[in-house]
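As written, the chain order gives the labels A, B, C and D, with residue 1 at the start of each chain.
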Amino acid sequence: MNQIDPDQVQVILATDCGSTTTKAILIQKLEGVYRQTHRGEAPTTVEEPFADVTMGVINSVTEVEELSGRKLVDESGRIIQPASGDEGCDIYISTSSAGGGLQMMVAGVVAEMTAASAKRAALGAGAIVMDVISANDKRKPHEQINRIRELRPDMILVSGGTDGGNTTQVVQIAELIAPAKPQPRFGKEFTMPLIYAGNKDAAPLIEKVFDESIDLSIVPNLRPKMEMENLGPARDMIHDMFLEHVMAHAPGYDKLMGWTDAPIMPTPAAVGNILQRIAKDKKINVVGVDIGGATTDVFSVFDKTFNRTVSANLGMSYSISNVCAESGMENILRWVHFDMDERELRNRVKNKMIRPTTIPQSKEALIFEQAVAREALRLAYIQHKEFATTLKGVQQQRTVGDTFSQEAGGQTIVDNMKLNLLVASGGVLSHAPRMHQTALLLVDAFEPEGVTHLAKDSIFMMPHLGVLAEVHTKAAVEVFEKDCLIYLGTCVAAKGLGKPDKLCFTFTLRGDTLNESGEMNFGDIRLLPLGPEETATITCEPSRNFDLGAGPGKKIEQEVRGGTVGLILDARGRPLRLPVDRPACQKAIAKWVDAIGLYPEPEEALV
Amino acid sequence: MYEFLKNLDRRWVFLLMLLSVAVPILLNARFPEKPTGLARAVFNEIEKLNEGDPVLLAFDFDPASEGELGPMATAFVRHCAEKKLKMYFMSLWPVGPRMVEDALDRVVRPDFPDLKYGEDWVQLGYKSGYEAVIKVIVTDLKQLYTTDRFGASIDSIPLMADIQSVQDFSLVINISAGYAGTKEWVQYASTPYPDIILVAGCTGVQAPLLYPYIPEQLPGLLGAIKGAAEYEMLVLDKYGARDENGELDEPGKYFEGIRRMGPQLIAHVLMILLIITGNIIFFIERNREGSS
Amino acid sequence: MKRTVPLIITFLGGVVLIIAYFIPYTQAWGEKAAVFFDVLAAIAFVLGGGNLLKNHLKKVSDRVAGWGYSVICLVAFLVTLTVGLGKIGVNPNTQFSNYAWSGVYDQVGSPFWWLYEYGFKPLTATMFAILAFYVASAAFRAFRAKNFEAILLLGTAFIILLGRTYAGVVLTGFIPDDSAFSGLKLENFTVYIMQVFNTAGNRAIMIGIALGVASTSLKVLLGVDRSYLGSGGD
Amino acid sequence: MKHSRVSPLRLLFLLALVSSLASATHGQEADDGVVSSPPRPPSNLRAVDYPMDKGEKIDLTWDLSLDDPENVSTYLVYRSRTDKEIEKKIADDRKKFIDAVKTAATEGLFGEGWKDRMADLTQEQLTHVREVRSRAAERAETTFSSDPTSEDNVYKFLGTAMPGENEFVIDKLDGKKSYTFMVKAVGTDLSQSAGVVTEVGLTPVLQWFDGEWNTSGGRFWLSIIILVFCGAVVFWILRARSGKPIRVRKIAGLEAVDEAVGRATEMGRPILFVPGIQDMNDIQTIAAMTILSHISKTAAEYDAKIEVPTARSLVMTTARETVQASYLTAGKPDAYNQDLIYYVTDEQFGFVAYLSGMMVREKPAACFYMGAFYAESLILAETGNHVGAIQIAGTAMPAQLPFFVAACDYTLIGEEFFAASAYLSGSPEELGSLKGQDVGKIIVVFLMFIGITLFTLAALTSANPGLSSIFRNMGDFLKNVILT
């Protein structure tokens, strides 16, 4: 890897090797600003018959080459570095989630404590956590050993005990893993990487437990104290191991690794990385979601704490049946404003499952798919909230003010009122025919409170930018702002519940193009036009039971940002409650659909 | 300064507390007392009695709470002795009889040498069984107390001739530091037998729990040192010897409660200062957090 | 069987006590039951003593950390037991002067009295006095005006702290005794708070507790809650 | 009409009447010189045992004096004294007599108010006073005489009945003694008739149930309330067995049990469980044991060490049984170590001293204080706070709650503490009992509301004495009869 002088960098090439497609983007410095200029796509070539990931990479880069007219690949099939004139690029980086990404098994002593920390470390590092083994997971030792044998993770992370704390059970867990002799997913001849990040006093004992069949590396404790979580060293070690073992054993990656200017990152880790950067840079709280066919990833940064969850069974194609089962058909149907035949719906669901690439062909199908998406996102967000918590097992310092409200430890840190930016990506969100639909999907599923900006990832560029941020933060942030995010608009929502058609809040808007004031009654939702790049100042005065961020009944004044959709004023209340009665629910949804202009008649639909 | 206070080692607080208690004691600071209604009520209940009326003094406390309850024990015994009431001492706490002896040593033996054991006062001693004892002796005292504390048969004690049960006492005075104590006396004596008149002295933490029983089941209550000091003042006002200037001229033991109010005053002021300091730190902290 | 018998005993004992309360004829039964318990508790003293000995002897023989304390504990226990049970240094009761052990075990001047007066009494008083220090440090830490309730509690605390000392009398001494505002004098206000607000609050808690006690008792009597017998809820 | 209860005003009047009677001698004519004869005595005095009482009451009835109502102002009711009572009465009289003589003798010497001048007396004078008094006492002792069979000594005045009334309930009798009764009529001029006496002695009989519903002190109403309350609890328990699951409010302190045990596990430190300082006869200790069984089960599952020092040996034995069974349920009977459950001392502060020392040495990661606590609460909680333990307290001692709240992480306040077992076990029957408890709460609130309403109405309608007194009487009945 070359030394890079950030100021000299003119051209950046980034690729993301997904499980099915490899995407390449080109970033160039235009008029002193970094902009994403071209993109290309090609099928991923990790699996047979090609069994070399670089082929896909070169294919996608070639597409960019063709589009941009800039020569990026030389005759020997290598990316040209550094740039000179019309040729090559200054930085080349890549992420990878090919072959199902990084799959890990984690273990800890107590499921809610060190095991949870281990899970957080693994997820944060971009892994999929296949199973969590803990001393209190109610499984018998033999069941645990069987499970470890069945799983074929890429690596294992073992934690447990605070420094100077528990040793016996940490060793016990190691003693479960050692005889199970877990086999790595790739390459039977390779040793299984195992990272130990537990009680440092137990480390010598752990070393004794494992033989050569395990490649043991010891890093500082994830939970040196109950009050403190130190995920950094473990995450870094996971990345190192990812490169050293997993990547090295995947076809073609050794070659790819030689090309890149920054270590290859697992795709989700890169997404997390860029979101953290943005949150830190702009001092905001961010939630990002990536809804895929099989899984839904939710990322959040609240008060500088990053969390990621993977809802393995919530997706729009492979897992769609599961979404229906978990939320229940009636819960999905409440988002639909007309009658649908449930039998037909079930067929539709099954169809989507076996033909994952099907795209809705009719308005009904689209509405139904988006209803499913709402539930999938809602459930994924609930799971995320449950996981993104403060640390458990921490001593609370009480004061007399807590007499009547003793909150338990391990409360969620996700607070929709504090949320500033909600970023959507993934098929059903990115490719919705109208951005209005994406916006309302987000609002309905995540129920943001107060003033929240809504955006979507235009071409799923976040992974590229995440790695780029490692080597060239400025370029990453600039591109993220300008090209990656498409601002949909802003949602202003009041927290609280009231009686229908009673005043929820009054608003006054002052801006260049938008000057309006009015009243919002409970149950209403309204869309005001505010174009991209436009801003306005909104002053809202909620009535007594409602909160817009300053406290119940307190006035707020804030700048809002326009977008392709505009400004959404949401007085439907939080938590969002739909009428239980079916006709009433349909009526309400119809009203909202109408207010936002979600599904306009065909002639005007193709905007 | 802020950093020091924010992470203040609690031993500094302890040191301040020590000083605020020790200094007034060493300087022998004494503040006047203004008796409140409850102390007056206790005083009046005893004042109402006639010479020779039998009074049961149940001392349910131990050396641990002596600091809080000792002064009122002294004052009660003195008041009864001055009124020439017949005193019957008993206890539901194993070390209670020792507390009785202490009070007798302070008051009766040096200052009322005329009072005779068995004729003017009697030590019934400790009985195990907590409230069960009360339940039995409210109807039949001699069922449980067959001897006095020193093993003498109860029937050989002249004072016991007229006493069948707790109901025969003109007044029950209870000093208690917890279970079994005033609450049990209220529940098992003065509530089912409204003829039993009960006044009590108790520790500061217990007092709030006994207020609900005032005034019906419990006409008067002395709460902690404050109550003791007020009551002492009343007793001294009425019975205290005075010097030529009209000032009270009494040995220090009768001022014990009033004397202990000195450290209490300073300690309370210290607590208020500590709380205020704590809050200042809290608000500075919150502001810093908010601005960051 | 191991659980059935205690359950039956519990049930019968409870029923007898309840019946004894309402049916005057059986009143003595309740007292009998109470006596049974006393007898059991008294026997348990021996059990406790034995356990204490065993525990500390084991600590001493294992030389566990802090075994020195166990030695002190054992010595203190045995000395007190011997001196108290043996009534060492106690003069016989004047009425039964022929019986050497007829005296009172804690007679003034006897070794037991000495242990009590100069050992036990100051030690327990010390433990109790530690409270003052802990109250101060707890107040310093916990009394934060975090929300409205806390501010209310804080204000009340100040009033009571001042009102319970002469400071209250001095601070509001300017209010004449017979004026309409005399209730605002701190010492009077303190009593008012204690008698009205505090009593009301305490009553609420007490009612809750009383109902809790009754329903727990009932659960135990009926054997619905057997976990104290170690069923572990399953 | 039965008149065991009289209004205060009337009582005052009657007392005045009686005291004036007491000073008048039997059969003498009144001072105003009006010649009139005492009324004829009532007749046919009958004493019957009072039904459904706890053996302390006798019902007295008589036929009215023939002069009633013209020449009867009141009836006086007496009962016979027992032998002991007669003795006591004579002894009292003697004492009063001697005291009076002593006082008179001193007054003769020093004049009235001599007591105030006691301080001025010289030692010599004091000796003199004592001599005079003891001589007077001796004299009085010899002169005093009293006839134990005189009516005054034998009969004790109990109360009065108004003209036209022929009934009286006598209370507070000794169920083991036999009594006779006497009633006299008093004329308008305060002269008294001869007494009519019951011939045969009667002993009040103890009935099997104390069913007096209209007088205070009975247990009739309490039994009704208890029946309703227990019935509600049992009803809900039974219902819960078959019905759908019952939801309970989240109690943070109990949610945190796993957290605390987990902390101890991770830190490799013990869990400390203190079951209060009361014996097994305290319901709080029993509640503590039920909670202990759940906590120790969790501890067994997590393989954490749980230490239970007790202040009573019976509690130790019970705790051992409880914990052992929990380990068994958790499938880890081998992990149970009975030496960790031990007796410390009955002495409150000795116990605290031990615990504080142990906490500072062993630094438990989780402390549970469940049961009855007194002054030790703050010492324990502050020490635990200092050593950095997660602390969960539960007690029904209102006085100690503030200390626990300030120093512990979680506090189960009062009824939450009793609900803990149900909450932790989640068994429908136990949760049902909580619902039954709510019924009790509703009853309490309802009664409070009625009481407040009645007294408020009484105050509001004070302009209309009749109405006001109806409300007041209803309120009084609720307060003094039903709720005592």
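Keep this in mind: a residue touches a chain if its C-beta (ideal position, glycine included) is under 8 Å from a C-beta of that chain, and two chains touch if they have at least 3 such contacts.
The structure presented is a predicted model; accordingly, all values stated were derived computationally and were not measured.
Participant: Give the chain pair, either B-C or A-C, that is connected by more C-beta contacts.
Facilitator: Between the chain pairs A-C and B-C, B-C carries more contacts.
Participant: When you take the mean of every protein CA atom shown, which chain's own CA mean is nearest to it?
Facilitator: Answer by centroid distance: C.
Participant: So the centre of each chain is just the mean of its C-alpha atoms; given that, what is the distance between chain A and chain C in Å?
Facilitator: 57
Participant: Could you tell me the distance, in whole angstrom, between the mean C-alpha positions of chain B and chain C?
Facilitator: About 17 Å, centre to centre.
Participant: Calculate how many whole Å lie between the centre of chain A and the centre of chain B, each centre taken as the average of the chain's C-alpha atoms.
Facilitator: Averaging C-alpha atoms per chain gives centres 67 Å apart.
Participant: Averaged over CA atoms, how far is the centre of chain B from the centre of chain D? Could you give it in whole Å?
Facilitator: Whole-Å distance between the two chain centres: 21.
Participant: Quick one: which residues in chain C touch 2 or more of the other chains?
Facilitator: 124, 127-128, 135, 137, 139, 141-146, 154, 202, 206
Participant: Considering chain B alone, which of its residues make contact with at least two other chains?
Facilitator: 10, 62, 64-65, 208-209
Participant: Give me the residue numbers in chain D that touch at least two other chains, ranges are fine.
Facilitator: Expected reply: 348-349, 375, 398, 405-407.
Participant: Judged by the touch rule stated earlier, which pairs of chains are there in contact?
Facilitator: According to the stated criterion, the contacting chain pairs are A-C, A-D, B-C, B-D, C-D.
Participant: In the complex, go through chain D and note every residue touching chain A.
Facilitator: Going by the criterion above, the answer is residues 252-253, 255-256, 258-260, 262-263, 265-269, 301-303, 365, 385, 388-391, 405-411.
Participant: Which positions of chain C touch chain B when the two form their complex?
Facilitator: 31, 34-35, 38, 42, 93, 95-96, 102, 104, 106, 108, 116, 120-122, 124-125, 127-129, 132-133, 135-137, 139-141, 143-146, 154, 157-158, 161-162, 164-167, 169, 187-188, 191, 194-195, 198-199, 202-203, 206
Participant: Touching residues of chain A toward chain C in the complex: what are they?
Facilitator: Of all residues in chain A, those touching chain C are 397-404.
Participant: Considering only the defined contacts, which chain D positions touch chain B in the complex?
Facilitator: 88, 91, 95, 99, 119, 217, 278, 348-349, 372, 374-375, 386, 398-400, 484
Participant: Per the contact definition, I'd like the list of chain B residues that touch chain C in the complex.
Facilitator: Interface residues on the chain B side: 8, 10, 13-14, 16-18, 21, 31-34, 36-38, 62-67, 95, 97-98, 101, 128-129, 132, 135-136, 149-152, 207-209, 211-212, 214, 224, 226, 261, 264-265, 267-272, 274-275, 277-279, 282-283.
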